[in-house]
Amino acid sequence: MSNYRCARIVANMSLLTLRNVCKEVGHRMLLSDVNFSLERGEMIGLQGLNGSGKTTLLRVMAGLSRPTQGTIEVLGQPITASVRKTIGVVFQESMLYGDLTVRENLLYYAKLYHLTNPQDHVDLWLEKVHLSLDADEITKTLSKGMRQRVSIARALLPKPQILLLDEPFDGLDARHTLLAESWFDGLVNEGSGVIFVSHDENQVIKLATRRVTIDGGYLLQGGLT
Amino acid sequence: MYLRSLWVLTSKDLAVEFRTKTLFVSAVTFAFLLLVLLGFSVSGWSMYEVHSLPSVLWVLIFIAGYLGLNRQDDKERWDGALLGALMAPMDRSVIFYARVLSNTLFMLLVELVLVPMFMLVLRQSVPQVPMLFILATLLCTLSFMALGTFLTSVASASNLREIVVPILLFPLAIPLFLAVQTITQAVWYASGLGLLTAWWAVLGGYAVLFLVLPGLLFEILVEV
Amino acid sequence: MVLAQVRKGLLAILFAAMVVSQYLDFIWSPPEAQMGDTVRILYYHVASATDAFLAFGITAIASIVFLIKKNVFWDRLAAASAEIGLVFTTLVLVSGSIWGEAVWNVWWTWDPTLTSTLILWFLYVGYLLLRVSIANRDRSARVSAVFGIIAAIDLPIIHESVTWWRGIHPSVITATGFNMPPSMVLTLLFSIAVFIFFYLFLLCMVTLLQQDKDALDDLREQVRKKLHQLQNERG
């Protein structure tokens, strides 16, 4: 009985909830009283001008930056080590080691996330992002777009339930943009939630189930697109 | 789980270093150049004066060690590599311990090259109590690297890192330096070994202090 | 307004106390039998040293409280104390050096206390450099607090080890103890008291100054935001 109820609660629980989150750095209020939740199966387009607080918001959501006030809950829990494995990010930084090969980088992340058979996971993703042939190249030597593909593979390797994307299609060619879109869609269909920042209005219209605009640290919730 | 993450991070550092060898090469080259300069300035010294040189070895090692720390830090910064580790599902103190471990291993390798060169260039005999010398070297390297890794994280957000890290590191490392140079001098000529208890305590105490405290404080330091 | 009144009052008392202190230091107290007038440096030297160590202690305590309470006040206090502490530590070193030249005929000696003070000076410089070179105010506060605590924990170890080190290499120069007549003791104690008062006064002022600076920055930020808003409305 109690197990059944627990399961129900988890199923209904938001993936990510922000309550009255403020982030103040120095004298700048980067986020003011942000209330927000991400549900399963949502793909939220986050929009805003330069310096409006998009990146800060994503960093706070990822647990990289602690809010000055307010709470963040991931699956109803505060962000701790064990909760972090459900969060995947593609940020402006690729988070890769320049001196390691593509394969070594992915293997490193697969192991950090304690995946079983890390080698297989890595091979699979190398295939998916069309980098099998370049797997043993040093990451530093890759082009921006290739590095972005590795970064996406790195984020998707552990099958995150929450995916935070900061301009994920930056530098990708048309073919790989479509591919990446389909992977994100796939995750959403399996019950994950995605928040993505994009400056491309058409892409937001095409992908987002809901859009949210941030302006001067204030979140303006939009409707369905 | 903790140990596995520790090993994943450490082996990654080792892989990076074995690929590039920048840390090893820069530390050894720099220390060797210093050694040669030192060789010039002591060439006219009497045998008696040359006897007090073993303690100078640690000036070289400290400077080389600082250089190595700097290199290591640069690699973590390239395209946000450190952020990836911060996002990983593990206690963040693992990152600190893994760095200390890999830095210590690198530095021991550097010392393995440097100490024989030191004996050769400055006409030094082999230490008379080698086991104690090795023990002191291990302890001092571990403590210095723990302290250095910690202070590198402390200063990581500073835009004057190149000057802030040494100015934080060297004053705090003075007890370590005094301890290891006194011990080295004593074990090299096997004299006054009984008077060293306090210095061994400093070496051990530093290792404990700077392995425990930063582990507790690391989370505070790395949050953006 | 009240604050300005209080400040004026305190400043007047401080000034009077300092005048008295100068009189005691230079005129009233007798010259020492062996060192003569040189001994007068001592009143400054010891008093500055008291302030320097007091300031360092306050920085450490304020750092701990800041990490627990997260209240900016404690960060301001820690920073202010360190700034003042650096000034007094510099005074200790300079007066110590002059003393050394006059009494021992050397500008610098590796006397344990003097050496520890030099290291303390470096720690202060490092602390302040670290603080100003981190752009993110919160991070700067957090990181400096951590360093402030670590440095305070390490300082006794540094002092002990420097003392042992001198113990093993017997120093040529040992501090010659001398018996001070009561008049000198009184002058010294009075100097110390005035210096502590001076330190506390400065601490309040610098902390308040920092608070005003922060308030000004806040205001500036609000104006910036308002202007942006207006621009957006017009655009």
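Labels for the chains are A, B and C, by order of writing; each one numbers its residues from 1.
The rule is simple: a contact is a pair of C-beta atoms (placed from the backbone, for glycine too) under 8 Å apart; a residue touches a chain by one contact, two chains touch by 3 or more.
These figures come from a predicted structure and were not determined experimentally.
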| message | So, comparing C-alpha centroids, which chain is the farthest one from chain C? | response | A
| query | For which chain is the distance between its Cα centroid and the global protein Cα centroid smallest? | reply | B
| Where chain A and chain C are represented by their mean Cα positions, the distance between them in whole Å | 48
| Centre-of-Cα separation between chain B and chain A, whole angstrom | 38
| query | What whole-Å value do you get for the distance between chain B and chain C if each is reduced to the mean of its CA atoms? | reply | 32
| Residues within chain C bordering two or more other chains | 135-136
| task | Provide the list of chain A residues touching at least two other chains, using ranges where the numbers run on. | result | none
| field | Shared interface positions of chain B, touching two or more other chains | value | 223-224
| chain B residues touching chain C - in the complex, by the definition given at the top | 150-151, 154-155, 157-161, 163-164, 167-168, 170-172, 174-175, 178-179, 182, 195, 198-199, 202, 205-206, 209, 213, 217, 220-221, 223-224
| said: Could you list, by residue number, the parts of chain C that touch chain A in their complex? | reply: 135-138, 214, 217-218, 220-221, 225, 228-229
| task | Mind listing the chain B positions that touch chain A in their complex? | result | 1, 4-5, 8-9, 12, 15-16, 19-20, 75, 78-81, 83-92, 223-224
| field | chain B-facing residues of chain A, complex | value | 59, 62-66, 81-85, 87, 89, 91-100, 104, 108-109, 111-114, 138, 140, 147, 154
| Can you list the chain A residues touching chain C in their complex? | 24-29, 68, 216
